[in-house]
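Lettered A, B, C and D in written order, each chain numbered from 1.
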Amino acid sequence: MDPQSCVNIKKEWDIVGARQLGREMAKQVGFGTVDQARVATAISELARNIYLYAEHGKICFEVIKGEKKQGLCMIALDNGPGISDISRAMQDGYTTSGGLGAGLPGVKRLMDDFDIESEIGKGTRIKAVKWIR
Amino acid sequence: MEKTIKNNTKRYQDLLDKYIHSQDEEALYGIEKVSKDFIKKNILPEEIINLHIQAMESLNKDLTEDYKHSMNFLLEAMIFYGLALQEVTNLRQEKDVLTSEIAIAANMQKTLLGTNKPEIDGVDLGIISVPAHQMNGDYYHFVKGSDDTFGIAIADIIGKGIPAALCMSMIKYAIDSYPEETMRPSTILKNLNRVVERNIDPSMFITMCYAHYHPTENILRFSSAGHEPGYFYHAETDTFEELKMKGLVLGVMPDATYEEINLTMKENDMVILLTDGVTECRDGDRFIETEEVLQVIRKYAHLSAQEMVENVYKHFEKLQGFQLRDDFTLFAIRKGV
Amino acid sequence: MEKTIKNNTKRYQDLLDKYIHSQDEEALYGIEKVSKDFIKKNILPEEIINLHIQAMESLNKDLTEDYKHSMNFLLEAMIFYGLALQEVTNLRQEKDVLTSEIAIAANMQKTLLGTNKPEIDGVDLGIISVPAHQMNGDYYHFVKGSDDTFGIAIADIIGKGIPAALCMSMIKYAIDSYPEETMRPSTILKNLNRVVERNIDPSMFITMCYAHYHPTENILRFSSAGHEPGYFYHAETDTFEELKMKGLVLGVMPDATYEEINLTMKENDMVILLTDGVTECRDGDRFIETEEVLQVIRKYAHLSAQEMVENVYKHFEKLQGFQLRDDFTLFAIRKGV
Amino acid sequence: MDPQSCVNIKKEWDIVGARQLGREMAKQVGFGTVDQARVATAISELARNIYLYAEHGKICFEVIKGEKKQGLCMIALDNGPGISDISRAMQDGYTTSGGLGAGLPGVKRLMDDFDIESEIGKGTRIKAVKWIR
């Protein structure tokens, strides 16, 4: 991934910063208003998880090119406690903070591709891609 | 999905145009149908907002910058609504899996626990038992003895659904294994109490009443283990007598004993046994009074016992808006003329 | 709900105003949080549209009549989305009820079906049974007789979850109701077959094996109803002998009969009974071979029977990435020195 | 109920007529825009049921006064085939026509009070009330 644009997440204000950068890049790639809003919402969810549960973390964005299509890739990285039961975290209604529609299943729905790796005590890495349709 | 939106963009725009000019109900009826279509095709609310923005632009209304910004803001507010809606599909599938498992179990419960209402000269029997949800937490079981004697057990398992069903199969096999000599209600409850106490976790318990009828003596013996009281209808005086018996619910103390009463039934006398799902029906936020139940029973008392219990059920089903809060079981025995 | 809307009207209006003037991301982040709140409080999308209309009016934007009409039209288009959302809430509740019911049932299954491993001089017993999901579809049951004789039934119910659990309670109460004279494996299976055949729907069946041990004669009697073969470990030759018996699965034919074998156990001989969850473990996409199971048993054969079965389980649990595909039940009896 | 305003339902166009009358009365009683739209949607569902499944039917409206509040009452009457299993008809997802959110459970959600009587071969009577909050 190169060149990357990253936003460090330490305080709640950084969530807004990450959304702004992500939306800007989404606009450049050519996403419409609806998809821009979806990308921003996905960023909120990922950034909020870092802000709430990890000490340090960042979200990086990159414009990527598939075979025929372009997309926006975002990677959320943190050194937080890790997720002990990923299957459970991917179930609707698991998140205590969000209620209806939020949490990681929400991010998966808002984006096209979704991948998660997590190790207890070491941290979590989530990669999510949205493609231009 | 994209295609549906495109096909409907024109339709949306035309209806919107029509409505803006005439505020005509037909346009609103039209958009209602369109939005039903959209939902079926998983088009999310934020996409409707976007469609609306585009339609307004095409209609060349003089749109201010403020307007455009305000609509983007509204669109943003809808994203979470779209997410929530997507949960439906998932939830429906998960629920379907559970429901079909429970449907199999409920069917099995019927086969496993099946019991037949005996046909006995000189008495008229009626029984109805309807679960509030898929599986019935109420339970009744007929035991036929020799010489046209028979017993009936009516139970309410505290806790519903599947755990209750497991309990019932235990009770059934226990009752069926008792020899006929011990068919006295107080003995049966005493024995069952021991089985339940030994086998079931302390947080769970069962209320049960048991009645045993001797047609030759016209006597109904009756005991209750903490169950909802029964009612003895005296035809002569047209009055109901409450049958409240001493006896702990099953499963609490290993050596509980049970009071037993002998009721001599005369012509047209009835005994009514029921579960709290009947007496604790709710009408809106109000619990009904016992007196109301007895009135409704009286209203249908001219019918056969079976028709009577069925009509009483229908009455309370309707009163509760066709949404039972608890399993509903009602039994009646009437001495013939 | 009314109150939430009112409290948030000002917030919505301020955020909207801010966004219209600056198109600032912070306002959008703000409305995202507000809309999450709204959803939690069951505020429906049509109410958001209404809130938006009111906010625009308060902000004194020069609103045209066309604008107002267009928003009413949009509001109308949202009504069905509001209804759909309410279904989600309903579905969620229903699903939660079902899930917690199943959790209680799984717990009860343990209590109801609980059976204790007997302590018997001269033989060493080991048993482990682990469900793949919440409820165990495998079942084992010990029956203690007089003179230190005992029986063990091991069964695999085809079909999992709740229906399987109901089946088991039937089997348990049936077995427990048999008098001791009939404790011969072939008789027990023959009787159970009739119970199962009568009570259970034809699509469902049960494999079971039954063993009965006489410590004074050192004899283990063994029969099987279409169950996974057992293994007889001869200590003298350090070899395993497969115990494959004739006998139909339970519940298929009303008058099935069952072969019975007498195994004379010498010092350190073992008999291993299991379900197909043990022999059909998978390592990635590969099914393991029976030989592998026997090797792992041999590896831990120096331990007590209980430690042995537990270690075998741990071995295969790890091999399958801690995700059992099927319920796993393993029993071992070893003749002491 | 007196005086009543009724709309006969025979063709699809009558659904629009019923909505119009119902909305007009809802406006007069003092319902806001959102509730007007909900009342109209409920009318659609009831009227469509008559139009699709019964030969004759009508929907009547009346302004009613409760203790402290006013409301709009509507009664849908038909001589159609009747509903054999009312509990089932009141379950979500039962209706074949509507899919998500529609059908009688939808009407119940849109209105405040809901009452249904039905007899096989004779017809159905549904009463639904919405109160001013």
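Going forward, a residue touches a chain if its C-beta (ideal position, glycine included) is under 8 Å from a C-beta of that chain, and two chains touch if they have at least 3 such contacts.
A quick map from chain label to UniProt name: B, C = Indirect positive regulator of sigma-B activity (Serine phosphatase).
Note that the structure is predicted; figures quoted are calculated from it, not measured.
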Field: Mean-CA-position distance for chain D and chain A (Å)
entry: 46
- request: Would you mind pulling out the distance in Å between where the CA atoms of chain A average out and where those of chain C do?
  value: 34
Task: Just give me the whole-number Å value for how far the CA centre of chain B lies from that of chain D.
output: 26
- request: Send over the residues of chain B in touch with two or more other chains.
  value: 28, 32, 36, 39, 72, 76, 79-81, 84-85, 87-88, 91-92
Message: If a residue has to touch 2 or more other chains to count, which residues of chain A qualify?
response: 37, 40-41, 93, 100-102
Message: If every chain is a node and each touching pair gets an edge, what shape is that graph: line, ring, star, complete or other?
response: other
Message: Touching pairs of chains, all of them, please.
response: A-B, A-C, B-C, B-D, C-D
Residue ranges of chain C touching chain B (in the complex, touch as defined): 15-16, 19-20, 23, 27-28, 31-32, 34-36, 39, 45, 48-49, 52, 56, 61-62, 64, 66-67, 69-70, 72-74, 76-81, 84-85, 87-88, 91-92, 94-95, 97-99, 101-102, 104-105, 107-109, 111-112, 159, 161-163, 165-167, 169-170, 173-174, 177, 199-201, 204
- prompt: Okay, in this complex, where on chain C does chain A touch?
  reply: 25-26, 28-29, 32, 36, 39-40, 88-89, 92
Statement: Counting only contacts in the complex, chain D reaches chain B at residues 15-16, 19-20, 23, 37, 40-41, 44, 86-87, 90, 93, 98-102, 114-117
Task: Spell out the part of chain B that touches chain A in their complex, as residue ranges.
output: 2, 46-47, 50, 53, 72, 75-76, 79-87, 90-91
- prompt: Across the complex, what residues on chain D touch chain C?
  reply: 32-34, 37-38, 40-41, 92-93, 100-102, 105-106, 109-110, 133
